[in-house]
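Supplied in structure tokens, the structure appears directly below.
Just so it is clear, A, B and C label the chains in written order, and each chain counts residues from 1 on its own.
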Amino acid sequence: MHSPHAPARDDAAQTAAAVLDLLRTSAPRVHCITNAVAQNFTANVLLAAGATPSMTLSGEEIGAFVAKSNALLVNLGTFDRERREATSIAVGAAIQNGLPWVLDPVFVDRAEQRAVYARDLIFLGPKAIRLNHAEFSALAGAAPSAGAVTAYARAKKTVLGLSGATDLIADGAKLVTIANGHPLMAKVTAMGCAASALVAACHGVESDALRATAAALIIVGVAGERAAANAHGPGSFAVAILDELHTLDGPTLIAHARTEFAKATE
Amino acid sequence: MHSPHAPARDDAAQTAAAVLDLLRTSAPRVHCITNAVAQNFTANVLLAAGATPSMTLSGEEIGAFVAKSNALLVNLGTFDRERREATSIAVGAAIQNGLPWVLDPVFVDRAEQRAVYARDLIFLGPKAIRLNHAEFSALAGAAPSAGAVTAYARAKKTVLGLSGATDLIADGAKLVTIANGHPLMAKVTAMGCAASALVAACHGVESDALRATAAALIIVGVAGERAAANAHGPGSFAVAILDELHTLDGPTLIAHARTEFAKATE
Amino acid sequence: MHSPHAPARDDAAQTAAAVLDLLRTSAPRVHCITNAVAQNFTANVLLAAGATPSMTLSGEEIGAFVAKSNALLVNLGTFDRERREATSIAVGAAIQNGLPWVLDPVFVDRAEQRAVYARDLIFLGPKAIRLNHAEFSALAGAAPSAGAVTAYARAKKTVLGLSGATDLIADGAKLVTIANGHPLMAKVTAMGCAASALVAACHGVESDALRATAAALIIVGVAGERAAANAHGPGSFAVAILDELHTLDGPTLIAHARTEFAKATE
């Protein structure tokens, strides 16, 4: 039994366990606008975790797909006209239907047009943004730190999920740190993209954006650690993380989560 | 030796074994119009089973590719302008060259435009349609049953391959049931799409549409069962089913097939 | 210790080992224009070998991506308008920035438009062309042989990397043969495409085009052999080759390379 003074760590881990259960029981529909490199692995990550992916980009039908979904992912990975048209319609449909949507501003550090486009999207109010250090620096114009992500989240009225050796999740008032994960995750393409899709899935079952974002990154981090234990390299690791996402349960998640929950200090 | 009264079950299983041998010896070329999520896995399923996939969508060359193929797959998975243009040309080339083509009306239950488009395609005469329960209901306006698929196959002059806990294959006069498969198949993206591609491949070596469709679904169902026996989740399952498709032989297929062959009763 | 009369074989194998080390230490950025079937596996092959892939096809940003890369791959696998526009811009950016670029003329034997387009690209000066026997015959109008690839490389002022039971790498003056590899490599889609991407990666760290091309094909051939030793079919093979590419080291590469280095005789 937890006393009122139970450590804050348990809060984020236990929320993640509850969110994982909800993924399995309610199988949220997640519509994904994502790059062609990531589509297959992203769909398999969502299925393994319990969610139901769809991926169409056709302007004529994406509105209908989003309207029947529980959450939307917008990933900039391949930044073509078709995906930008699809994004306009899909984000519009998400806003109109009151659905959460999550942005993954892939490679905004590699081409200025992407950063401009990502900033325009952020203005439309994603519930969360998941990104890496280089992408954060390009968007925010500041080196990544607990203070910088908190300030950016507060300014943009969103949740930041910054992946790194330690993940930082910030909503402007509170901060969650996650020390799970494994270096092999950086050796599998689309691992970050798939993590962002899982963030969207968790938003489909948990309305608190900070908790939903942290839950997704705890789930993927713990699954990654467990997958690495039996992997011989990035090939077997990518296979094993799907198996781990499928078999992971709440108690295992709580036992392995290395996460802290605190008030943000800027 | 089989007597004239040998059970009908043997017929479908033995046909599947013969078709599998033909896939390996004649390596049919299968041109696939399929969604980006499914392209890689579909190509690997076809290669593992012995077929030779191609996937171009360019209007300028798809006619030439189809003309040199033994069968065509049209999958609606990502319903964009490029794929619809490609489909018009490719189906035209298939009809002109007398090639079998197979339709997978993915997600017609999720957007009305897809159902309209799929009905237009069915009017052009696919040799077979492989689909799931929700897709059948959306197309046929009727709950899936042996009678309903038989009636729909008869009305549309095609073969229906309905995937489910028990697969139903109907040509309007005869019915094959297949009780193979495994729940993990629903946890790997594009498994149904790849099964449809295998249906097309089998049409490339077997001219009887009912037998070709049933053979493909028996092959994929038995391979799926064998893959599941050693899998730890959907990641290792997706890998193992490719290995099983590659190593499967006729006697193993016959030994594991759970299939019945009967006259349709409407 | 090697005497001055050390066999030429060591030269190509030792160069490959040195190139492999450079991939790991300098992580070259490789921008890939490749087909949708191949994108995910290609990215994972590059990551496993130590390189950093990017894949965008958007005309508005591909120039910026190429300018920040160390090498460019142009693969014709899906020959659509978007990829041709992207190719024009990307090759222009590579030439302007003095970056090596590599051509994979996939399926030029299947549609005449591809062969025409590939010949136009070759006129622009790729550092290397990696292709299979059917593709070589379609491009060069000659059966593949040591003499034919040498003549073609000399005429086009490029390096040919011809995959087959024995790979032939020719720059018009010298010839490398590689007898590594495994039949399962032909049962995994995009294996050749990924090999071409690795050729591009090696050009990003080794300026001698013959050595860079040979190094890539030795690396992929040895990794393929080692992967096959523990694979049960094409599924587990595709996983294992990523693991092997990740763990392969110089001494292992040298010990397993079956390569000869000689003057070309036409």
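Convention: contacts are C-beta pairs under 8 Å (C-beta built on N, C-alpha and C of every residue); 3 or more make two chains touch, one makes a residue touch a chain.
Nothing here was measured: the structure is a model prediction, and the numbers come from that model.
Asks: Name the shape of the chain contact graph, picking from line, ring, star, complete and other.
Replies: It is complete, because no pair of chains fails to touch.
Asks: Roughly how big is the turn, in degrees to the nearest 5, that lines up chain A with chain C by CA atoms?
Replies: The best-fit rotation has an angle of 120 degrees.
Asks: If you average the Cα atoms of chain A and of chain B to get two centres, how far apart are those centres in Å?
Replies: Centre separation, chain A to chain B: 35 Å.
Asks: What parts of chain C, by residue number, touch at least two of the other chains?
Replies: 36, 40, 238-239
Asks: Mind listing the chain B positions that touch chain A in their complex?
Replies: The touching residues are 35-38, 40-41, 77-81, 107, 110-114, 186-190, 231-236, 238-239.
Asks: State the interface residues of chain A toward chain B in the complex, per the touch definition above.
Replies: On the chain A side, the touching residues are 36, 39-40, 43-44, 47-48, 53-58, 60-61, 64-65, 68, 82, 238-247.
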